[in-house]
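Paired with subunit B in one complex and with subunit C in the other, subunit A is shared by the two complexes that follow.
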Partner chain A sequence: MTVYAFFPGCAYQSAAGYRESVDALNARLDIQLQELDDWNCCGATAAFSLDEPDGLALCGRLFALAQKEGFSRIVTVCNACYTTLLKARKRMEKDPQKLAAVAHTLADQGLELADSLPDVRHYLDVLVADVSDVLEKAAADNGDTAGAVAVYYGCQYTRPWISGPDAQRPRMLERLFTKIGIHAVDHSAGTLCCGASHAVPYADACGPMIRRIVREIRNKGGGIITTICPMCQFNLDAGQTDRQTDPLPVTYFTQIIGLALGIAPKDLGLNKLLIPLRTEKKKAS
Partner chain B sequence: MNPSDPKIGVYVCHCGMNIAPKVDVEKVAGFAGTLNHVAVTRDYKFMCSNPGQEMIIADIKNHGLNRVVVASCSPRMHEPTFRKACQSAGINPHYFQMANIREHVSWVTQDSQQATIKAMDLVKGAVARVVNHRPLESREVKVEKVVLVVGGGIAGMQAAITAADAGYKIYLVEREPSIGGHMAKFDKTFPTLDCAACIMTPKMVVVDQHPGITIYTYSEVTGISGFVGNYTATIRKKPRYVIEDRCTGCGTCMEKCPSRKIPSEFNEGLGNRTAIYSPFPQAVPKTPVIDPDTCRVLALNKRCGACAKFCEADAIDFDQQSENIEISVGSVIVATGFQAFDPTPLASYGYGIYPEVYTSLAFERLNNATGPTAGAITMQDGRVPARVAIIHCVGSRDTRHHTYCSRVCCMYSMKFAHLIREKTGAEVWEFYIDVRSPGKLYEEFYNRVQEEGVHFVRGRVAEVTDIAEREADQGRLTVVAENTLTRKTMRLPVDMVILSVGLEPATGAKELSRLLNISMDGDGWFTELHAKLAPVATATGGIFLAGCCQGPKDIPDTVAQASAAAGEVIALLARGTVTTRAEISHIDPDLCSGCRLCLNTCIYSAITFDEGLNVAQVNEALCQGCGACSAICPSSSASVDHFTDRQVMDELEAIL
Partner chain C sequence: MDDQHLLDQFFTHPDCRKVRSCIQCGTCSGSCPLAAEMDHAPRELFALIRDGEIDIALRSNTPWYCVSCYQCMDRCPQEIPVADIMYRLKQMAIAAGCQPRSHKLPDFYRAFADDMGRNGRMTETHVMARYSLKHPMDAAANMATALKLLARGRLDLIPNRTHHPAQIAALTTMCRKRGSDS
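And now, the complex of A and B:
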């Protein structure tokens, strides 16, 4: 069994079926995510843009909690948490004075921050890099298929963390899907912005951005959208409800993989989607 | 005058505003006057000027000086100047020592007092050292009036022709099957729009037919040894599988070859070639090559041999092996050129994803009369584009890739714009950061294309996508950019996108730099000896640079630099001898233990071993005074003139 420190982030609990599907995959693939005790908000984009020392301290506290429990890796399930933690890690590694300042702040709370900061990983990285063999074996050929799936990565997962073609046009999840018998469609909207936290207060500006993503996926033959981040999922799911006559269901990648492994839709929280997903049994061949 | 009784003159240079404002030069000169053996001290505005040198000469004559110290700049700058002054006053040029109080002191020290102290220390060291100097004489060495030119593009060809016309023997080595380089791929050249082939092909013919030039194509330089005037180079000729002496270049083999679907490198993958091929119709030599990776006989071990069956000259030889050729040359001109930046990592521009996104080199072929469309600017489906976007600075001026400006892209982009307008009437949109047109008639060309109705948008393109905003634009590409002059973002539907990719050093440049012992800058371009005053020389004697291997440049600059490199070579070898360093190594036979460590250390093969006496000996004609033997010698029997232990230790002791 592989054990990771787990930072769920604020949106995870209320995300439509994310927790259920991650739990289901963990059980099936023998992954243990140990939730950090007494975790705090990562600060998201707001903290850093207003006050860098506060932003660093919020992330630094999470690193210290992981170190306290002896973990060298933190897993997140949200693009914003992922990019915020990576940003904090990079800045503290680059500038030891910043790390020392955060350590000093945390010392007041009785927490210790060591120099070797933990690795930050997305749950997608775990599936792609660490357990892909297990996953391939577990992919039962009688699992449910949802049809042509289009991956929507969002803007923060690859950039600025990866260089090369995968930064602008990532394909790691498509490659994994293909290996386990899920039909992935190729399209050009994988890293377009969905509006992120502006989608609610500036709905008029964000509506066209969301519709552009959905339209592109539909044009390229995608029947289902799958996401790797609660914010993306919510924006694309809720953003289609009142405007589209034939909206595309918006899932989590863990739900799509769960179906391929033969896990029942209700155990994957699929009933929580605003736009319902209809699944069909794969024909035995 | 008895040189063992030193009488030293010390001269402290102000170097205009370079030294004097930081270093108290009068104080340094005064301090020098207190040192042993110092008879004359002066400070002066510019020691390197004529009055400065004459001051030294007059003091030597009038005061009987027999040693000179100048505290000024780096010896790389003016040591030869002052040595010459000493010599013309009648003392051995090696009775001179320089203290570098500019690069080592005034330019790099904040505090004025500290700078003055440091300058005094360096002067003290120089005085202590010069006391121990010994007179040395340089030697004349015979040279080979033969030049090796590495690279057969326009730079290499120009240099070869110029030096060959002066009566030198030239070996021109090119790794591709034909000479011609990148220029052979172009159709028109900016800003005059003359046809590249019309000015290029005659030069290729001259190179081919020149009695003084031997061409080795499909060949690479694999080794070089020796020193200025006397290099030995090894050239590896890859097997062509076609016997050059027999082949008539009729082309029947290419017509008969059944492997026809191999993407043509010369056409940037836009067209196909056969397994036996000549890259383009005007190739020099005409002899084709067989690509061993795609030939049915060589790669697949099949019984084909169509080329051999139809060859009337019986020139096909599937058993041909690579061949090593050794040549003696006096000088080397490096003209290895560039390669175009591969835009694949910039996936947001869609190269390799959308078929209508071209690199500039691919577009050159598309537009070329001998290219895959015979010069018609059409899309992959044969339609003529209605709107074309050209994106500047792809891979250049980009901290993620190359920070430098590639210098030629603005101009060739505008050439493309003109040709597209002329041939198709299509709308052309140039997306630029800054338009750089600083050449003769370049700005005029910029004005001309603006008048021809080409649109210029100042803004780096964010994305090229196939996501259309309107139903009518489905199937076209959309360029997403911010016009930074109007501060508006735009989404422009287009039919074709050309990426103006930058230039980067050719593959293999690093290996060649190691082979020739020449240096590269951080971007991988070969470094010239001096940016302004020695722009085609390298730090290695007898090795010169021409063309883009030294940095991105256009055709006029390349040809000018190639001519300059040839001129330098002609000047270097014209007298038939070169003056070598006076400072060479000696091995004291009484101290030598015969361990032979120095034999392998010497890269000039200047040390031999006398079995009878059991000692190593230096061949003075070959020694370059590098000091490697002196450093490795465990018994301190090897020493280099002008860097004896006594000289170096006394200098250090005085400084410390």
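And now, the complex of A and C:
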């Protein structure tokens, strides 16, 4: 069993079946996510917008918690947490004075921040890089299926961390889906922006951004959207208010993979989606 | 604070200094999903700053509309970290007390920071409640969704907390300041 330090982030617990489906996959694939004891909010875009040292301090505490438990990497399930932690890591590595300032503040609270900051990974990376062979073997012939899936990665998973074509049109999850018998549709809305937290104060401005993503996916034959981030899932699930067309269900990638492994929909928290997902038993081939 | 001082402060920052190499191609503005909402899209904002109009830049809504999608940064042919510069402008505007009054995002970020300062973690329901005190119409628009979330057991009424929230508040100047307000 592989053990990873886990930073769930604040949005995870009320997300639509994210925890349920991640737990179900972990049990099936023998992955252990060890939640960082007493983790705090990473500060997301808010802390870095208001004051950089605050943003660094919040992330620095998480790095120190992981180091205390002997971990060299932290796994996240949210694009905003992922980018915020990576950004803090990059800033502190580039500027030792910033790291020293955070370490000094943390020392007051009895926490030690060592120079070698932990790496940050998304749970998607764990599935793609570490357990894809196990996943392939675990794929079930008799599970539930839900139809053609369109992957929506959102912004902050690839950018600004990967450059070149993968920053705009990543394909790692589509490749994984194909390996385990999930039909992934090709489309070009995978990394367009959903509006993130701007969708609250600027619902009118973000509405067209959400509609554009859903329209592109529908036009390319997608019947279900799958996401890798609580913010993206919520915006696309709650933001399809156009009554002219049937809305597309918006799932987490862990729920779609869970179905392919033959895990029952009720164990994947699918009942928590705002737009219901209808599944059916795969036909015996 | 006078403009020259603010300009110096801006150009001292290594990320911001790269604005000098902007070729005004407009790829950033063309890539920005919210450019239409901005007083000055990024290309124009950089032109203004290079002309010395830092005050206009800091008072504009532009950095607050930046949603951190990083399209501009990925595509800039001069490798200017456009989104990172927007963060710097937001921090400078807050420090200089000149963020645009009409803009709602600073209130949203403060509601977020308040909740985090009090509990060490963020709870969406509580952030929305705090934000709604200033912008009740936005809350009203979200009531239907809130009821659906409640029906699915997804509305957190009890806040998420760390073991000792005061530690998190003490950790950051922002949270310390905001924590003592409440």
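The definition used in the following text is that the second predicted complex is superposed on the first by the 280 of 285 C-alpha atoms of A that agree within 3 Å, B and C clash if a C-alpha of one lies under 4 Å from a C-alpha of the other, contacts with A are read in each partner's own complex, and residues count from 1 in each chain.
What we mean here is this: a residue touches a chain if its C-beta (ideal position, glycine included) is under 8 Å from a C-beta of that chain, and two chains touch if they have at least 3 such contacts.
Just so it is clear, the structure is predicted and the values come from calculations on it, not from any experiment.
Counting residues of subunit A touched by each partner, subunit B versus subunit C, the larger count belongs to C.
Touch criterion met: A:Glu216 reaches subunit B, while subunit C stays clear of it.
Once the two complexes are overlaid on the shared chain, A:Arg61 sits against subunit C while remaining clear of subunit B. By the touch criterion defined above, A:Ala189 reaches subunit B but does not reach subunit C.
In the superposition on chain A, A:Ala203 contacts subunit C only, with no contact to subunit B.
Legend: residue contacts after superposition of the two complexes on their common chain; A:Ala238 is shown touching subunit C, with no touch to subunit B. In the superposition on chain A, A:Pro165 makes contact with subunit B only, while subunit C stays out of contact range. Overlap of the subunit B and subunit C interfaces on subunit A: residues 163, 167-168, 192. The touching residues of subunit C, counted against subunit A in their complex, run 33-34, 36-37, 65, 67-71, 73-74, 81, 83, 87, 90-91, 94, 104-105, 107-110, 112-113, 116, 120-124, 128, 131, 135, 138, 141-142, 145, 148-149, 152-156, 160, 162-164, 167-168, 170-175. On subunit B, the positions that touch subunit A within their shared complex are 344-348, 353, 400, 465-467, 469, 474. Interface of subunit A with subunit B (complex): residues 163-169, 188-189, 192, 212, 215-216, 219.
The touching residues of subunit A, when paired with subunit C in their complex, are 10-11, 13-16, 38-41, 43-54, 57-58, 61, 83, 105-106, 108-109, 155-156, 159-160, 163, 167-168, 192-193, 195-198, 200-203, 205, 209, 238, 271-272, 274.
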